[in-house]
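Chain naming follows the written order as A, B and C, and within any one chain the residues start at number 1.
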Amino acid sequence: MEDRQSASKIVVTGQWPEYAEAHLGFRNYWYPAMASSSLGKRPQAVKLLGEDVVLVRDNGRAYALNDRCPHRGVPLSMGRRQFPGTISCAYHGWTYDLKDGNLVAALTDGPDSPICGKRSVRIAAYPVEERAGLIWVYIGDAPAPPIEEDVPEELLKAGTVPMVMVETRKGNWRYGMENAVDEAHAKYLHRRTPFYFFSKFPVYSTDVRMEVAEDGKWLVRTGKQVFDSQTYGELGSWPGREWWRVGGGVSTFAARLPAIFRISHKTWSDYQFFVPVDEHHHLAVMVSAKWPSRLGKAWWKLYYHAYVRPFHHIMLNRWEDDRMVSMMSIPPEKLFRPDISVTTWRKWSSETARRTPEAPATSKP
Amino acid sequence: MEDRQSASKIVVTGQWPEYAEAHLGFRNYWYPAMASSSLGKRPQAVKLLGEDVVLVRDNGRAYALNDRCPHRGVPLSMGRRQFPGTISCAYHGWTYDLKDGNLVAALTDGPDSPICGKRSVRIAAYPVEERAGLIWVYIGDAPAPPIEEDVPEELLKAGTVPMVMVETRKGNWRYGMENAVDEAHAKYLHRRTPFYFFSKFPVYSTDVRMEVAEDGKWLVRTGKQVFDSQTYGELGSWPGREWWRVGGGVSTFAARLPAIFRISHKTWSDYQFFVPVDEHHHLAVMVSAKWPSRLGKAWWKLYYHAYVRPFHHIMLNRWEDDRMVSMMSIPPEKLFRPDISVTTWRKWSSETARRTPEAPATSKP
Amino acid sequence: MEDRQSASKIVVTGQWPEYAEAHLGFRNYWYPAMASSSLGKRPQAVKLLGEDVVLVRDNGRAYALNDRCPHRGVPLSMGRRQFPGTISCAYHGWTYDLKDGNLVAALTDGPDSPICGKRSVRIAAYPVEERAGLIWVYIGDAPAPPIEEDVPEELLKAGTVPMVMVETRKGNWRYGMENAVDEAHAKYLHRRTPFYFFSKFPVYSTDVRMEVAEDGKWLVRTGKQVFDSQTYGELGSWPGREWWRVGGGVSTFAARLPAIFRISHKTWSDYQFFVPVDEHHHLAVMVSAKWPSRLGKAWWKLYYHAYVRPFHHIMLNRWEDDRMVSMMSIPPEKLFRPDISVTTWRKWSSETARRTPEAPATSKP
């Protein structure tokens, strides 16, 4: 008990300016932007960390450019695919190379248009990669590290079968991420959720900690769970005897920069990415991954579509979690002991997030 | 005529700062918040004078708390009724005593949670009473006076049968209240309204006054009504001969702080409360009250539902009055003689409204 | 080619403050406000150059007043037509002379109301004329010039059969007007539009110019059109061979202050007025005019309704042009050679637009 009291002290000390100012997220990371299966030849607009991005697939490869034609400010995502390897603005046919954003033709000014190739009309091109069923875009000011630095290693393993769901949700990305990291809320908010209805479900935890894993990348949540119904003074007892809970299952929870949360189940893992969109919205990218045998693959897909997606990602995450996240209004806030999970995440991410170099070259990669 | 001219002088003299600044209403009064019949065990959110309030009924009694859990800023009105006499935040099960807003349990931190009972997490509790079919909430900084100070005495009489209608309307509360107090508009705006269609209806009034009643609480409107059709120079005459108007009925009109208007009919009274919500909305609380015999009670209810509610509160108040109130755009304004009713109300309410004490203790009761 | 390069220099020189600041348009001009056929006895509200205007027809003539009763700020367009030649505010029956905006009666204050005729409650009356099937309103601070100064002369000719379409569109009026003036966009954006599908269609132009016409009122666009498919380096050729284009038709394009664009076809003319509404909307007033024989009149009307309106004004102007205009986001912008059309328009309109006199008398006519 001494232990818990001291934890509660950390909660109220210090503020972390990098985290506090990251309204649009931590820059200089690879972020998942959409499901690979959703991207075809047709341009798609997404907003990431406040930047408008147009994604497009060409000859099998994914590309990303800043979604604004510098001529008259029309979104390139309204444009056409006039020639292979390019995108043309719908308005005047300014045509950009998908690889580097260079203006390679201004169709309505003829082949000799002197504006072609000028640096002043070059569009920012974002580094793009595809891994684990997702399109990843690097948003930052420093040169991009290898994609393997930022995709959870488990998702890069051979035989991974990732099942993906992406949706825009209300609330700053930090509210979404903190809700995931938050140790205590599940015990009350999700107590009757169908996904866990038959599972043994803790009432509260003691000795909550977030500890850095060996690889230095994950912050793993630990604590001692209490499962018995408790008596709260004169109020009565809660949650009463829940005789119908027979299932078990020890899940572990971990967080990682820039905005990744992982729930490790016995045979599969659930990843949630809280990708910043603007100050009041985030993209919830949910990936359930398993490494099944050839026979198990069809079963896993069925299990995902019939159970994980509707019960966990829709009922639990959208209807319960995001209902809270979208109504949250902090600061001010008053924290209690289990919030050590939230404050440790804030402190650690604030201290270890990649920094933007002092004098950025041209602000876009 | 001398008389009217002088009235017109008052109109243009002076401004009343207390009134001018009361965008969110006069504090330190009891306000009706909803119909008693609408409040049950389930929490209800209302906004009063810019403050978010959650109302709830427990063991027959009504309670009101500030509608924000200080933990993570989620509205308590989304919460559950976990134990008698309390409300629990839906997010983490922080449980508050309805009587005083004290945190009596933080369910997901176990029974020994050290945060319980701390003053810093106590929620403001509002004084609540029920009278005349309404839930009354005291909003203010000074200690609440007895409810009887603020509920019109007539509504407190034994045998009162109040019929209640409540709806949120557009427009600052002062626009709504001034429209009620406004002497002249009825003669034009409501001239063809079904509610008064067969009643003798004045064309204009002279010697309009608002005079303080003996009890010092009501401002009663007086004036000499002119009923004959008038000739307006070369324009023609108005309103012409209205031979179908055969009904009579002398109604009297009176206003009272903080935002109450009363129309006294021969056998019943109509009360309208213009409760401030935010700068651009008010709650229109309409109470029609009669003191019928046992036999007359059913007839009164029928009369209200078949006539008063649809013809007065919906057609006349909502479709005619509030159509104007929601489009009003003042200042600037240019007033004419009958507006002495409005300016007297402004001056009197500005001068006599309860003041907030100089150094409020903690800003909430 | 020398020629074109020099044109491109003009593009990037200088900024024109009058144009840059005309967010709500150029004042001191006659603007078309609605179709004559749409205006009857019933008051109609329009917003022109940021000013609220109520239009009404009385005894065959159109009138326009500022759409705000100075009493309590309610729009006069909600009012009634109580007496000939007047409009009465719906709220208290303040009655205004349509000719000059004088308060001629305050019905609910009786015939002797001293406020009548006072200058302080007089409403601004706008000069109004009807020409070419449109209601024209003068918005300005200087005295209005004759309407003939501002209505294109062609539309004033005897035998004109004007066909009118009016709709509010998104985007500042300058975006709409610049899109019309813009030389290059049609070649790409409208390349497949049904209206021009079978017409020979240029690929680009050289030597683009906007030259002032003899009357000093019109800025006429010239240039040498190139019709052959072009090869754009390694990208490929565009637009390919368009064998189905057999129609011809030389149209000429011209712009005029305050916001008029004209397309002269062989036998008829298309006028587009980009009337400023507020900073983010404009009124697109489109008038197709022909001077047919008696027999040709019915055919012209059929041609307009079956072809010009659906294919040009709806598909081409609304679905293609305004889709771009509503998404445009400038400054910043980066211009190319054909934009000499846009910059010449900016410069010329900035330099020659009527000025508001230094010390305006009462700001409204």
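The working rule: contacts are C-beta pairs under 8 Å (C-beta built on N, C-alpha and C of every residue); 3 or more make two chains touch, one makes a residue touch a chain.
Please read these numbers as outputs of a predicted model, since none were measured by experiment.
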item	value
Chain contact topology (line, ring, star, complete or other)	complete
Proportion of interface numbers common to chain A and chain C (over half same, under half different)	different
Rotation in the CA alignment of chain B with chain C, degrees, nearest 5	120
Distance between chain centroids, defined by C-alpha means - chain A, chain C (Å)	48
Shared-contact residues (touching 2 or more other chains) in chain A	none
Sites on chain B touched by chain A in the complex	68, 70-75, 78, 82-83, 86, 88, 90-95, 104-115, 120-121
Contacting residues of chain A [partner chain B, same complex]	1, 5, 8, 184-185, 187-189, 203-204, 206, 226, 230-233, 235-236, 238, 323-324, 327-330, 332-338
